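Chains: A, B, C and D, in written order; residue numbering restarts at 1 for each.
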């Protein structure tokens, strides 16, 4: 099989797994998860093969792997759809394949496969735990298996399919398809425990919020198609002179160029998908879903998809960029990105839910990438995308493992505490060593612990990119948020693992099965090593020890004459300082918090409140958008329009019609139709039927006789009329 | 000038041809007459040969059943068949009332003819054969159909319910057994790439019984069934239906059936040795083609001995057992062996040795697997056909009188 | 050599005899026989055309093979139908199977 | 009038005679037997067309299988086998007329066709090329689809026949 066909086949197995599980194996849990796992594994295998083949290819950017087929006839041309593996999609494919596989494996453990069914579990609610009676008569509670186990695997399989499709597709349309499928899956998965009202609301919220972005994105795609006549990356986006043309022609909206307008439109889609500032609200609520889902959504797939799209359309937004004055689109991206980074980081400071912290940190990290794209350091953004995917997946799975252990403790010691609140934890270091060390690695990577962790390199590259790009403001913002990131990461780690257990549940928390810890280890390895492929040349001491493979590989994508060189050491120093300082600070403050103590952050007073309540954005939206919408639908459309006007009209018509109909019946139908026509015609029909009846002898041979006779006659006649000349 | 040991038939043919031309016959007439003569020769020889076969078989059966067999008439009773022949010749023909005359009389002739026709395509040596038909095998299968027809005609024609039952059984049995037989015949065809019998023989550098043992086995069993001999002689199961299709036949007509059966048995061993044992192939056949004939006869007699052993040592099948054997074992097995031959034969055709070994082993493996499977699937439980009768009890009178 | 016309005429005659049989016979099995005759006529035609016009290609033979298969299938199913009809209604006369009578 | 022509006329005459008796004989069993004769004669016609393969196949399939099946069916339907009353429908004259019409129509059509009197040319030395036939049947650009469909048809016929002819359940 040629490598091109293999690329086509990458997304297929999860889709098949989805179909199989949904249609056939829904009630055999073990079969379901093995099917799903097989699907993910196959895709992973194909992905790895393709990746290493792609790495081997000489100058991949110029001649990428892939093929295309005619898909939709558009008038006289064809809308082509195809697959392509160029550097960006190659690296994306790499981390996507790994994280997805790990998440699949992890899910088996997370949903308590092999545990007994719960006493009073029912679909739509998280498992409550099952009671085990021992022979000795003692009984104790253990975790119980997820009631909708198979459904979960079906959904994440579909999710994985969508993500692979999005990665391998060579045009924005197929990407959009995968994008929307993912939107649907995230809706289903966030609302996976649909028995919880909060989960339902979160699902709807996520769906609608991302939809807002998607509408604009669709506008952008349509505009792009009408402007360039193609949605293919190479035909449309990488086609420089076309981009120049778009950049120069004005769109007439806000004085933007066409390129700028389309770029911004599509970028709004990115904002929705990867939860940038105005549309970030859905993401923290998405924590209602099971933890593997959070990891899928936040690390591996959806939000990465947003950034991936942003990277894809970078040529569009950067069209007409000369290296110094940013294009309007880039300015928007830089602004929103850096703002989101800071903003989310501040919120993350004050959250107590272990997963919410990670959610906000995700938002801020995504802000990093967007900002990096905004200041034009394309490679840095991609690099951070990869590393972030690894360590954030690691963090989420780790937090899930913590929660899982806590739940175990909660079930064991019947004190009902929230297993996700960090202030109920503490001292888990000894209870859950694997989780602790991997989480530590992840956290350090997130906060950019110097030299060893991957996060450091990518973040440093972003900082230096923004600094050398001359965007001091962006640089400062990002640096500050980096400091905060390190701080809240350390806060989280120390609250969770260090110090003394603050609850009985935490005392009895226990390490999870290898099926959950093994993925953590694997991801931890990547979280450390993924950075080493991108050590900048200009870096003191280490620079050039390992060739900066990543930079050349991805940098070859577009001709980055603008990519700034590593001139000064200021960004480096900054990143060192902020990372170490933040970590140190966090450790000092949260080293050991006694049970029931207040969060030291509260000393910040009003600021803490603001952070705690997320700047009241949700409430704002609630008041500004949702209430009015509800009011309009309630009062205006329903009460006034429906009840009064429409119903009145309809009932009037109904009454009139009724009267007319009865009159008609009395004076026309009964006398004329029934008496005259009906009976007469039926009589006639019966008579004629009696007459013709004998023809229907029921003997097949008679029918054949007639048929053949007719054939002969018509044949002869026809032949004599027309046939002779033809012969 | 051909030497005598190369091809005596041709020698004689050339001589006769010259003779007839000498009498002033036109050439094609001479050819025609020659063909007729050849056909007559080919038809008569087996019939005569059959006399010896009968003796041979009866001798062997006698030995198997631990008795002497014919040993009175002539040395080792070798003239016994002649005596029987005489008896049969002088017996009376009885045509039952209400018999359908034409089929009734046609049946014996067809039954012999269907066997003799097969001899027309069997190569006796490199050059000696009736006709080198390029579709010999399908011809042979067609002849099998004719034999079946003969039995049906007999069963229908002689207005007799046992005969009709025998005919029906014959139809069921023979049609069923034609399926695996044809498939097992396809294996040599695939291996040799030809339907012509002589080509198959010439391609057999390795006897096909090594390349396709399972097919050989199936062909052996099914062809014995086709010939309707024990253990497959339900067609004329005397204990159930008096004598089956030939109940109403007497005299020479019965003799025809008799001869046809023996000849068929011999013919299938002939076919077997031709298709699976390499026919006339053997050392020095190139120098002395006549040797091929000898080889063929030797092989054939070995196989024929097996057939007789088969007959003498196995009890008769029950009809359901017979159908089970055919449909549940032989047919799937033949399909499997056909498939594996199709898969393996071509890729390995380059290296004969490897091909032979591989095919042999795979065949055996398939055989073992399917047999064990069948063992499990077909428990040998008897179908209860009637209640067990109560044993005889000593009746009162005797008790009293004693 | 035999001209093609003989074969065609022969086939036509055979076909019509079969047709007559199909239309006129009472016994369903006999009808089936008629059908077989017609199919044979078709085969004769096909082979004749193959031999006279297309003997370099194999199309004619392929058609004949397919017709043979179809004939076999038709005979099997037809006979099965007849036997089951006989079992249910105890007759094989086609004109007594007239449940469709109006 | 070459020997071959004589042979053909003979065979054709036999075939048609047998066919006529097949469709007209009173005893259904005889009809079946005559049918077999007709089919065998058709095989001989194939032989005159130098299609030996199909001649053999014709014998094997028609005489060996189909005709036998027909006879089997006749035997199974005993009553039909025994009754020797009139075997023709009331409509048989119409049938006769119509088939005669068909015949005339066919003859007219054929005789007005250009290639009617085509003489055959000699076959290539390979004779009828069975190998080519076999490859054509499984060739992608050839007839593999009809071939597979035919096999499907056979399977379907097999299953259907078993189902139809099997004893109705509950009896």
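One rule holds for everything that comes next: a residue touches a chain if its C-beta (ideal position, glycine included) is under 8 Å from a C-beta of that chain, and two chains touch if they have at least 3 such contacts.
Since the structure is predicted, the reported quantities are computational estimates derived from the model, not experimental observations.
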(message) If I average the CA coordinates per chain, which chain comes out farthest from chain B?
(response) A
(request) Go ahead and note the Å separation of the Cα centroids belonging to chain A and chain B. (result) 74
(message) Just the number, please: Cα centre separation of chain C and chain D in whole Å.
(response) 6
(request) Using mean C-alpha positions as chain centres, tell me how far chain A is from chain D in Å, no decimals. (result) 67
(message) Taking the mean of the CA coordinates per chain, how far is chain B from chain D in Å?
(response) 29
(request) Return the residues of chain A touching two or more other chains; collapse runs of consecutive numbers into ranges. (result) 699, 701, 705, 708
(message) Which positions in chain B are in touch with at least two other chains?
(response) none
(request) Note the residues in chain C that touch 2 or more other chains, in rising order. (result) 19, 23-24, 94-95
(request) Return all touching chain pairs. (result) A-C, A-D, B-D, C-D
(request) Please give the residue numbers of chain C that touch chain A in the complex, ascending. (result) 19, 22-24, 31, 94-95, 97-102
(request) Enumerate the contact residues on chain D facing chain C in the complex. (result) 2, 4-5, 8, 12, 15-16, 19-20, 22-23, 28, 31-32, 35, 38-39, 42, 45-46, 48-51, 53-54, 57-58, 61-62, 65-66, 69-70, 72-74, 76-77, 79-80, 86-92, 94-96, 98-100, 102-103, 106-107, 110-111, 115-121, 123-124, 128-129, 132-133, 136-137, 142-143, 146-147, 150-151, 153-154, 156-158, 160-162, 164-165, 167-168
(message) List the residues on chain C that touch chain D in their complex, please.
(response) 1-10, 12-21, 23-27, 29-30, 32-34, 36-37, 40, 43-44, 47-48, 50-53, 55-56, 58-59, 61-62, 64-66, 68-77, 79-84, 86-88, 90-95
(message) Can you tell me which positions in chain A touch chain C when the two form their complex?
(response) 693, 695-701, 704-705, 708
(message) Quick check: in the complex, which residue numbers of chain A touch chain D?
(response) 699, 701-702, 705, 708-709, 712, 715-716, 719, 724, 727
